[in-house]
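Below, chain A partners chain B and then partners chain C, in two separate complexes.
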Partner chain A sequence: MYMTPMMLSSSLVLTLNILLYPLLTALDPTPKKPQWASTHVKTAVSTAFFISLIPLMMFLDQGTESIMINWHWMNTSTFDINISFKFDHYSLIFTPIALFVSWSILEFASWYMHSDPYMNRFFKYLLLFLVAMIVLVTANNMFQLFIGWEGVGIMSFLLIGWWYGRSDANTAALQAVLYNRVGDIGLILSMAWMATNMNSWEIQQIFFLSKDFNMTLPLLGLILAATGKSAQFGLHPWLPSAMEGPTPVSALLHSSTMVVAGIFLLIRLHPLMENNQLALTTCLCLGALTTLFTATCALTQNDIKKIVAFSTSSQLGLMMVTIGLNQPQLAFLHICTHAFFKAMLFLCSGSIIHSLNDEQDIRKMGGLHKLMPFTSSCLTIGSLALTGTPFLAGFFSKDAIIEALNTSHLNAWALALTLIATSFTAVYSFRVVFFVTMGTPRFLPLSPINENNPAVINPIKRLAWGSIIAGLIITSNFLPLKSPVMTMPFMLKLAALFVSIIGLLSAMELAAMTSKQFKTTPTLPLHNFSNMLGFFPSTIHRLMPKLNLTLGQLMATQLLDQSWLEKSGPKGIASMQIKMSTHASDPQQGMIKTYLTIFLLTSTLAILLMLL
Partner chain B sequence: MPAILYFMFYASLGLGTSLTFLSSHWLTAWMGLELTTLAILPLMAQHHHPRASEATTKYLLVQASATGMLLFATILNGWVEMSWSINEMKNPYALTLAMSALALKLGLAPFHLWLPEVMQGLDLLTGLILSTWQKLAPFALLMQISQAMPPTLLTILGLSSATLAAWGGLNQTQLRKIMAYSSTAHLGWSVIILQFSPGLALMALGIYIMMTMAAFLTMKDMSSTKISTFSTSWSKSPEKMVAMILILLSLGGLPPMTGFTIKWLVLEELTKQDMYTPATLIVMAALISLYFYARLSYFTIISLFPGTTSIKTYWRQKNIKDKLILPIATTATLFLLPLMPLTLALTYFYN
Partner chain C sequence: MAARALSKSGRFDKVYKLVIGSRSASGVSKGSLPGPYPQTPEERAAAAKKYNLRLEDYQPYPDDGKGYGDYPMLPNRSQQERDPWYSWDHPDLRRNWGESMHWDFDMYTRNRVDTSPSPVDWSTMSKTLLGYLGFMLLMFGLGEVFPMYQPVMPKQYPYNDLYLERGGDPEKQPKPVKHYEI
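Now for the complex of A and B:
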């Protein structure tokens, strides 16, 4: 057996097993020590991270990838289902990044959730989620991917509803499950199509056979799945609602790992879509619409976590646009860099929230730059990385995407929307920074502002390093499969930067207006498109259930009860017989004349009929 | 009434029916029919009750017109065919008229309307005689002329009897009217198979007579004429009421009682003759009549209302002397199903 692939595969299996070990020991019913979360779970994740660096280095040095088929799980006569892992460059790069981000988040969570009585269970849930995510990312067949997919969905539900005493949290968890389920319809449709037409769920076989088929139907199914999981427009409201969960949950699931699962699915199965214009255009337009819509919604939000959530949604739309441009590797690059700065933004938000005694409204923060210098600096670094400031992490992926968009012969509308969304990114990021860190404080005087705990500082510090240099490291080390267009007009090259600066300047002007009063009685509309989230939740969330429930009621009462039981079934027969019985008893008048007349008439009739 | 009169009337009744059985000439057959009609009239009116008198009058009118029509039909046949013989009656018009007349005498639909009222005016024993003995003579004549009769008319008679009797019987609470409708229905079953197998028709009639006898005699012992009486008669004689439930279900044609024999064999013969639609229709009608028999059984169920255990049956039983006929009839009604081949063979002397 060759040494390098064996080391690669065994390191990655060891990673997975190290992550599984605390979960298996948790099956033992003896209660754990309160430090179990820190000593067992966090250590497991950090160890797994360091071990997963070995295969990463091997990949960077020699470009080794491997596919492992471990176990023939079950089969019908012609259809096999196996456990197989694919360690290609996508999963080899994503796994260490996910583990790194998870490590930081778990360390932060040990401070954030330290007063929670069920902290050990919280960590167990987070670890289970991480295992499911790794299973999803390393899956080589659709069945294993589906296991990971459903696993992350369930854990998202449990974690969003962590504080289940709060009805809003329960509603949000249910919303997440429902919207994900709608997307799952697409995934199961694609899986069924593949099973019946290609007789396999193994990805290699699907790629090989896809040339013979018209793949439009399964691709649309996959796009629906991505819409559900990655909160594209149409199935997006669950992501802002998911901010009901604790901040570590938002940081891990709803920024870095779970929501990118949908995009990751499309990246994995991209060779199927390369030649299908319908699928590509759908991705492009859907992504463009999502990114602009959610950026618009983010402009008027007042909850710091919701702004970051909408920003995540906007970046997911951008990833979808990239896939629509036939550039899966750029999308993957954006996933990796986005993980760093988005997780950091969430951790900074969490630190600020805890410091201000659970205050989440940015209108009640301010002037934190002097009071929490480290956190606010990292907030600023993260926001700059998000907007694509040159040579930070976000720049390498975002600018490459915008350049590819500008130089491709594609939909000008999608391009326009994406550029506008990029400028909006700058606007809302500046809004966050302005309201949180600048100006004078608007919070209560006795807020327990304290960022001196190493459990807070170290994770944010690590992620800050990542936000700064990750882009550079990743782009220097992997080989693009599609050659990027290097020559373009000057304005196109600077387009992304240009619109971001315009956005920033307009945001600064608008923010400066908050302390001035131009009209004596300013009239502000309370409900506009932006802060009602496009009126999407207001219309859809009551309308769809009402339609379905009235249809159900109609079927139960009119179709079943009335038609089958009352009119035609038992009651119908009974009423008919009663009527006939009345008719049969009516001639019984007691008059012999009647009876004898009937006799006469019937005999005459019989004779007449005989004559005919 | 003095006993000698009872002897006279019952003897005339028997003589009349026997005369009709024995005759091969239409005139003697007519004589027998008139004799039975006249003989039963005083028996009906013996209680001098206005309702009884009304029932007697109605009976006389109906039967007289029926017998008159029969005489007319036979004279027509005699004029055309030059024959007084019952067996060789061939003229189709005469046959149709004779059939209608005999149907009116028997109480088949659509000529059944007089039967419930007449039956309601009588006491139970006379009602029994009306629904059993009085059917024998006309039925004998019907059997003899059935070979040349147009089959459509017989089928229509049978089907309409079964259905109209079923629907009519649903609406009743008086037991005598229910028995009248049951008589029409069973005779419908008899008549519909008459064209294919007269022996089977005779067997159907015979089993019907057994069942009706058991029902009427039990009702006479309970002195019950309404459904509401049934619900309280369990305390007088619980054994009889248990038997009554089964007799009623036997009338409805439910296995494993004897009444099922009729339904079974008639349906088998009908399907052998490819008469599927009439078979389905007549058995659906029997289902409806089964409903009212089952309803009667339900009211007979010995179910106590909540109370103390001092509620028991009567201390003094009614006199059950000289009543051997009831056990015989009940046994025949309930337990003769395994002997079906024997019962069939006894009556299967035609084809």
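Now for the complex of A and C:
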């Protein structure tokens, strides 16, 4: 009996079961101890992380991947739906990373949410989200992927609206669910197309049969799904609004795991897209537009969580660009490295916010590098990794992506936008670090700011280590599936570093102006554009619901009632009769003599013609 | 019907009266339901009183067969515009008890359409956004026409321009194809 596949499959199933165990015990009606969240949930996630390292090591050593079909769930005579797990390169690397990040976030959340009366429920929701995410990532058929997809969407709704007494949180949760639903239309379209044309939802069969079909329609559906879930331009406003949720939610869902689900879908189904130029161009242009637009919006925000949210959206746009370049593995690498430093940025923000007594405005922070040295240094490390500083985690993925961009035959404007967005990344990252950590404090010294609690420091420390070495570890151990371009001109090679340094220098120049007193200058329209998020929410969120709801109201009350009760019955018949009778009686002018004369004339003419 | 059946036995007369009474006490009374369009000033005054509005504020919808009746046409303002610091009876809805509700109140709740004034006016916002989108689409189109990295010469393949792989006849001698020399 071969040990490796058995160990692989059993350790992965064990991982899932360890994660499910606290959820199943939570069905028990006896109330849990307050430490249930820490003792049961966090321990489950950390244990699951360590166990999921076993298959990862096996994959590193021997390159084993496996597909497990566990249960024939539903069958018709021609169509099967099974529970099947695919443990390949992508899910074997993503699962330990997701579990590691979740472990750190759960430990942090035990400090952040300790005064919340429903902390156990919060942890239960986070764990349920994690299970749904792993189901999505390990799915080998579209149905299971859809289960995970919807699961993460619903948990996102519940967690964003955690403080449901706050109307803005409810609005944000509603926004998240509605925008995700629009994306789900695309996913369901693709699933329906695949079910009817290929008669299967298993990924292997879809890949095999895709060579015979024109896959443009399902691919556009999948791109729509990714647009919704991964907050690409057009369906992006829910992501900054999702910052209404608690910071652990933002760190777990809206930076590392849930928002990458859309990109992950495209990575998983990439073989369908390889040869379809329309789909690739759409991904490229959409991603480039997203990354620039959201980076522009991030430049003038004042809420620290919103800036990090927009930076997440910008990085998601970059991942979409990578998919458009036919480089799914680079996109996946960026997902993995991004998870570390983005989660760390959110945890540092959470630590800062809590220490300043729930102050989220960066204009009211400052001087924290003396008061919270560890947190501010980790914030700096995270920001450096985000901008792609050489040899930190972000460098290996981001620089590789920009090199691939520079050496590809692609849309020149997409390239330009992505480079500009990279420089903007440096600008807003520096802005955050400058306003938060540098200068003098701009808040009242009321709360005792300290970093003594290990529940805060240890997670951030772990993620800091991840942000520094994860890129190196992953790239050293996993061969690239597509060979990168090895030779390129010197300027192209340094392009990413160059634009980031330009961005950093301009940001430093602008920041140096903040300590000098200038005459009051009028607000520039560009600042308005950036601060009001490109006017997108202000226009679309007022126009579309109004149009749809008024249309619905009019249809329900006036159109239907009037049509069926009035126009198709009494009033309709009456109006038709009146119209007909007016038309018929109009010619009747009452000129009898004229009519008789004409009658006589025409009848005489007819008789003459007949005689002739 | 059950009450009537019970009441036939006589002993349950009180139950019948209780049930009948409680049935009629549920729901709105006849005078407070919306009615037809007010034609006379007295009807207008009565309608304004019914809707808890002053006579000066009361403005019904125009009578053009759309079915509004005497329901007041309140200004199209979202709940978000109302003062967040005033002590409303329902603070989450920003509404007092007995206030007449807007016809489209479900659209104007705080979770939906917001009509609060924006720093930039509507026409500027929509023109800027559409202009930005149009500009981006135009530039993407131009970028497709003029892509980056245009090769200066056609690609040159080895093995006689891949003669055999492209299905050439193995017997015949292939023509040499050379675009550039390395």
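Basically, the second predicted complex is superposed on the first by the 554 of 612 C-alpha atoms of A that agree within 3 Å, B and C clash if a C-alpha of one lies under 4 Å from a C-alpha of the other, contacts with A are read in each partner's own complex, and residues count from 1 in each chain.
Just so we're on the same page, a residue touches a chain if its C-beta (ideal position, glycine included) is under 8 Å from a C-beta of that chain, and two chains touch if they have at least 3 such contacts.
These numbers come from a predicted model, not from an experiment.
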item: Which partner, chain B or chain C, touches more chain A residues; value: C
item: Chain B versus chain C as contact partner of A:M532, first or second or both or neither; value: second
item: Which of chain B and chain C A:M576 touches, first, second, both or neither; value: neither
item: Partner chain(s) touched by A:I607 [first = chain B, second = chain C, both, neither]; value: first
item: Which superposed partner A:N411 touches (first chain B, second chain C, both, neither); value: second
item: Which of chain B and chain C A:L217 touches, first, second, both or neither; value: neither
item: Shared chain A contacts, counted only where both chain B and chain C touch the same residue; value: none
item: Sites on chain C touched by chain A in the complex; value: 66-67, 92, 104, 106-107, 110-115, 118-120, 122, 125-126, 128-129, 132, 136, 139-140, 142-144, 146-151
item: Residue numbers on chain A that touch chain B, as the complex places them; value: 577-578, 580-585, 587-588, 590, 592, 594-596, 598-599, 602-603, 606-607, 610
item: List of chain A residues in touch with chain C within their complex; value: 165, 167, 170-171, 174, 281, 285, 289, 407-416, 525, 528-529, 532, 534-536, 538-539, 541-542, 545-546, 549-550, 553, 557-558, 561-562
item: Touching residues on chain B, where the partner in the complex is chain A; value: 58, 61-62, 65-66, 69, 92-93, 96-97, 99-101, 104, 110-111, 113-114, 116-117, 150, 153, 164, 167-168, 170-171, 288
